[in-house]
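Heads up, there are several structures right after this.
Heads up, the next two complexes both have subunit A, just with different partners, subunit B and then subunit C.
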Partner chain A sequence: MSEAAAIAAPARARVRSGAWLAPAMIVLCSLAAYCVAAAATHQTGQISVDGFVGLIQRTVALGIVALGQTLAILVGSIDLSVATLVSVGAVMASWMMQGQPDMMVPASLFVLALSALVGVANGLIVTQLRVNPLIATLGVGLVLQGILSASFQDFAGSVPKEFQIFAYGTVGPVTLSILLMFALALVEWLALSRTRFGAHVYATGGNPEGARLAGIKTARVVVLAHMLCSLAAGLTGLYLASRLRSGAPWVGRDGVYDLESIAVVVIGGTVLAGGKGGVWGTMSGVILFGCLDAIFTMAGVDAFIKQVLRGAIVVAAVAAYAYRTKGHVA
Partner chain B sequence: MTAIGSAARFAPVRLLGRIHPSYAALLVLLIAIAFLTPNFLSPLGVMAFLRRGASLAIVSVGQLFVLSMGGFDLSVGSLITLAVMGSALMINNDPALTWHAIALVYLMGIGSGLFLGLVVSYLKVPSIIASLGALLSIKGVALAWSGGSPQGYLPDNFRQFGRVTYHDVPIIQVLPMSVVVLAVFVAICAWLFHGTTFGRLALIVGDNPRAADLAGVRVRLVRIVGFLVSAVSAVTAGILLGGFAGPAQDVGDGFELQAIAANVLGGTQLLGGRGSVAGVVAGSLTLTALFTVLNLIGLPKPLRDAVQGGILIAAVAYSVRRQGWEK
Partner chain C sequence: MGAGLSMAEAAPRFEMRGIRRTFPGVVALDDVSFSCAAGEVHALCGENGAGKSTLIKVLGGVHQPDAGTILLDGKPVRLNHPLEARRHGISIIHQELSLLPERSVADNIYVGREPGRLGLLDRAAMRAGAETWLRRFGCRFGADAVAGSLSIAEQQVVEIAKALVFNARILVMDEPTAALDETETERLLALVRQLRAEGVAIVFISHRMRHLFAVADTITVLKDGKLVGTRPRGATSPEEIVRMMVGRELKDYYPARRARAPGAPVLTVAGGGNEWIEGIGFELYPGEIVAVAGLEGSGKAALGRAIFGAAPFSRGQMVVGGQAVRPNTPLDAIRLGIGYVSDDRKAEGLALRQSVLENALLAMRGIAAIFSRPGRTAPRGRGIDQLLREVDVRAAGYDQQIRLLSGGNQQKTVLARWLALAPRILVCAEPTRGIDVAAKAAIYRLLRAYADSGKAVLTITSDLPEAIGIADRLLVMHEGRLAGELPAGATEEDVVALAAGHQFEAAPA
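Presenting the complex of A and B:
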């Protein structure tokens, strides 16, 4: 059906004229709401280049994780281990660097290699042991968090000043990390829409059996997607270490990156069952979350009420897409 | 199909024989506990073990109703926290208000289960997302209500459910009230799941919702009832835990995952279609026994979580292998 067509036709055909509309609307509405909230609370200083840069800056960590999660969900899997991996990345980076500039490259490479390894393990457990991806990645997350929390109780080590350029360095008014996030989004979008790998991702997620019969090595695609997803989480760990100057074993869990990354991916229109969706939807979901957070802060909403509203918004946002689904959803 | 056929009659013996390497694991762990703590094999030791495992067993059996229909209920941990914190705040050290508070937390639970069921059935939000949202919201309500720290005090007539032990009972000598609550709850659920049409419909809905729909099953209603059972189980477990441990803002943390793990160990098939109450109770006791053993040999809490993660993956991998690589 549409999946088979996707394999046969060039992947480019997937980018329909309407595909940009929903993400663009989400971004415009979010930014409009942000401006209205800033005006209503007399914080018009927030409506400036600096204000918007700050707004986007606060979404970078979630954004990078969500870009990885998009891949995992597109192939019909999911990754609940990302939050833990963010913590692992942040702690290992600052612990290995211990403030020494010459350890920056080895530590970063080590974190990325470790993340890739975890991703491959996730992928193999899902494809070879056929464990439900929710349970597989949840289990891997529990194992990692357990080992990490048993080994480190507090902030471990620190990163050198030079490494903080990653989070705080600027090009004109924009920070390097914001540019990195958008560069990654662009690369991922190109990979998904213009390459054979992208077509295989959509085919595997849309109809795994059909894709396999069409000659796609679906297991390899799933493992690769998981590896890239974990790499994104590890990279976020490096970013957080750079931003916080040090990593602690709870930075990922506190950011709720597992649930929030899934939420923004789904809000962005990517189907949880896989095979449908894309990068710009996810980015619009990230911006929506960033704006909501900023609005709540400007309005002085209590931190716990903020959590209540967040939960409600996740459900409402998914419902806005899902209620048209035909048939029953479990 | 076999699951539906054999669930038609309530036959615990057959269920016992059919699945569950969990029983073997449970036996091994119990023997290990017996070696590590000599007085474990007395009625006192066994009852203390059951009392410790009661709340997890109750939540796990509740979770079975949602899992067997192909869904997930991740909101139970937060609901436990809300039940404990809410009761403490409402009772506010006045024993006369205990029953009002219990009625009100059950109402909240029913409200939450109903809401989840409606959102999943009518708005078609996948239950994993809907219950995740509920997890965040309910926890937020509990924290906002209490101001972020444990408030209030639970009087003895509330705490009796988790705390009181009857002495001088014939044969078993001691009988904690939480074990009575556990037995009653499990009996009702076993009847509901294995002895009624509803139980069969739940498995059919989990096996193939579209076929169930075409066969005239009221899929939405069955789903809503499933979420209601899960929510009621969480509140019940919360009342036991409140007596057991007192008010704390993290009492319920992690219960949703442990309940799913207990189900997986007990032979419940994720995404629906297969499961049994006896298996889930065995699975939850296995998990409790495992935590007890890991605790006894002095493993710190984080490493216990790590072991739990590994076992979760191994159990699912094993059950998939058992099913003969069907998919």
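Presenting the complex of A and C:
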């Protein structure tokens, strides 16, 4: 709580507003920078429907993981096992399919069920054993990675052509996977803002003890959030298998989905302590990272500088939010 | 009262029998029995740490008893989660505010019982329902306001609305009036009487005898986790209740004032103003206690924060010890020798997971760290133990985490912290909020002794008798301005007239 606000005269009580403003600004600025960079490097071909679709396409994997991470963070937890779970999903999918179309459905269902199970395990370790979520999910991630690396050394199996529709299929100029990401974002936004579950997510993250006193089964909310977060990671695994035509045990780690998903969630204005934030902020963070990647690729700049800039943006974003609300620090 | 003969014969709405509850190192409740009938207001009193909150948390399913049974309408029940208590129609206003600071008032009021179908929220109903309750309390904020931006009193009203929106059969209020001013308290007491007439069983916890005797039908006293006794209101008196709570007669409640040698003022404010207050001018002399009174929203809290630099003056002059100063941050103020006991101990006063001792040392470390690193073994560290004993902080040990202490004992720790720092000007916002009578008397004595040692004390309080009882002078605020100054010995009527801005005279007959 802001110090000054605590004594504010009643008429000055702050009303929540402009939840759209910051995300919209971030998206607009990112896209503007992208256009400027394309023009400056004489790659104006990138400023086209295809160019933009390509830009968004490269963010789909991070986007879906981050949508899940948003839930975990909103309830006051966090999930560091997502990157490994992406690898597990990709490897298990292609290994089970072995190029056979009739294994598509069973393999996908298996991956999703396994992810849900991992999520429930994460949630139970956090709520029942009361292990700090950073440690709990880091541990689960390490265990999974260990098993995976011991069992698979390289790309395992392959996915049938039909399964590649998931990543490459199009509706008009847009790909199915982009539509899927935005559909998921929309559903999650509705769930968070219009349903009782959403209200309980914000309550649990905002004040766990208060939520419990209000009769909310907070442990259940946390477990559910972790389950959905892991499901998103599993789904991303399926997407990567479809896109790469096979899965390898390092695809998740290479994408740095754990830290990057946390970074974009935070850039989007969701508070690490939980209870404040939302889906569109996260999506704007995803688009920002996507544009940044594209800009650096167009400019042909060293990847190290890119990392430095990303890091600076994360810190600057958090500082900006903290300054705006004069109190809460992510 | 209220309950007719036929009701008295029926089983009480709830009955707790032989409840025992222990925490590591403390027996918080020992063989306590307590009951309340439909249409009865049952007050619960006792010193800080007597076990009042623990008892109602057992009733609310927050804590499970080690022994004993709970009967609802004569039938034994087990309450393993607050949700189960809620399902039985038990609604509780907890002592510690438990709002979601980032959510709207409507979201907060309906948290955990959001209206709607198939899991979908009915936001319109939430807003409308919240507005209804806010109007009933004459609130000046809307259902869309962010809870964290409200004052403590306003947050308290939200907590009350939260407990009332669902038609409770049993309503428990743990110090609901602690943060409210007289007008709001009157509204709440009127509401309590109305609910009693509707047949709700009500438990009312308060340290203010006046409020207790204004509504209670029955009064039960706890001491050190044990039941001392239960009395019908008509058959007892505030003096007897205090005796039962404290275990002895309480004499010299307010310490005697001493004639003070007039000297130079230690603090002068002239034409001070900021966003919330305007045209503030007064002087504060060493050796005196000045109380600032006023209704909620009158700016009395803002005045304290302005002096402490938490929400600084943007206009006017401030002179401390003969030097013109402008503290823009609390640290500036602390360096000038100004201390501040916050009225919102949870949000800014305490580091909840740290020990009592760490908390008491906090402010001292804040400035001392510039010069050195005082450990707990530093000479002043021993002084702290002494002070904690003097303000009578009751904990299993001073190493205990502060969030596990009873509400009143947390407040005493904050006070000890500032006394240890020995600032020449001590500003106290609601220094005795939630503190029991005996400890209040001790704090009054401490503040008086502090003033007698040549320091100046400015207390900001919603408790009128307290303001009149301890102050050498009273400043009364109304709508952000100083409405007037009253000498010691002013009556409550004088203060109320000033605080209300003489509305009676202006209104046509």
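Rule of thumb we're sticking to: the second predicted complex is superposed on the first by the 305 of 330 C-alpha atoms of A that agree within 3 Å, B and C clash if a C-alpha of one lies under 4 Å from a C-alpha of the other, contacts with A are read in each partner's own complex, and residues count from 1 in each chain.
Please note the rule applied: a residue touches a chain if its C-beta (ideal position, glycine included) is under 8 Å from a C-beta of that chain, and two chains touch if they have at least 3 such contacts.
None of these values were measured; they are calculated from a predicted model.
Participant: Between subunit B (first) and subunit C (second), which, if any, makes contact with A:Lys161: first, second, both or neither?
Facilitator: A:Lys161 contacts neither subunit B nor subunit C.
Participant: If you count the residues of subunit A that each partner touches, which comes out higher, subunit B or subunit C?
Facilitator: B
Participant: Taking the superposition on A as described, I'd like to know which of subunit B and subunit C A:Arg220 touches: first, second, both or neither.
Facilitator: In the superposition, A:Arg220 touches no partner, neither subunit B nor subunit C.
Participant: For A:Phe197, decide between first (touching subunit B), second (touching subunit C), both and neither.
Facilitator: second
Participant: Is there a shared patch on subunit A that both subunit B and subunit C touch, and which residues make it up?
Facilitator: 328.
Participant: For a test of understanding, state which residues of subunit C touch subunit A in their complex under the given definition.
Facilitator: Subunit C reaches subunit A through residues 60, 62, 81-83, 85-86, 92, 94, 98-104, 107, 110-114, 116, 119-121, 123, 139-142, 144-146, 148-152, 154, 162, 275-276, 297, 299, 301-302, 305, 310-311, 344, 347-348, 480.
Participant: In their complex, what parts of subunit B are in touch with subunit A?
Facilitator: These residues of subunit B touch subunit A: 69-72, 119-130, 132-141, 143-144, 148, 205-206, 209-210, 213, 219-220, 223, 257, 260, 264, 270-272, 300, 302-310, 312-313, 316-317, 320, 325, 327.
Participant: Under the touch definition given earlier, write down the residues of subunit A that touch subunit C in their complex.
Facilitator: Going through subunit A, the ones touching subunit C are 1-16, 194-200, 202-203, 206-207, 209-217, 271, 275-276, 328.
Participant: Inside the complex, what are the residues of subunit A that reach subunit B?
Facilitator: Of all residues in subunit A, those touching subunit B are 125, 129-132, 134-136, 138-150, 256, 259, 262-263, 266, 272, 302, 304-315, 318-319, 322-325, 327-330.
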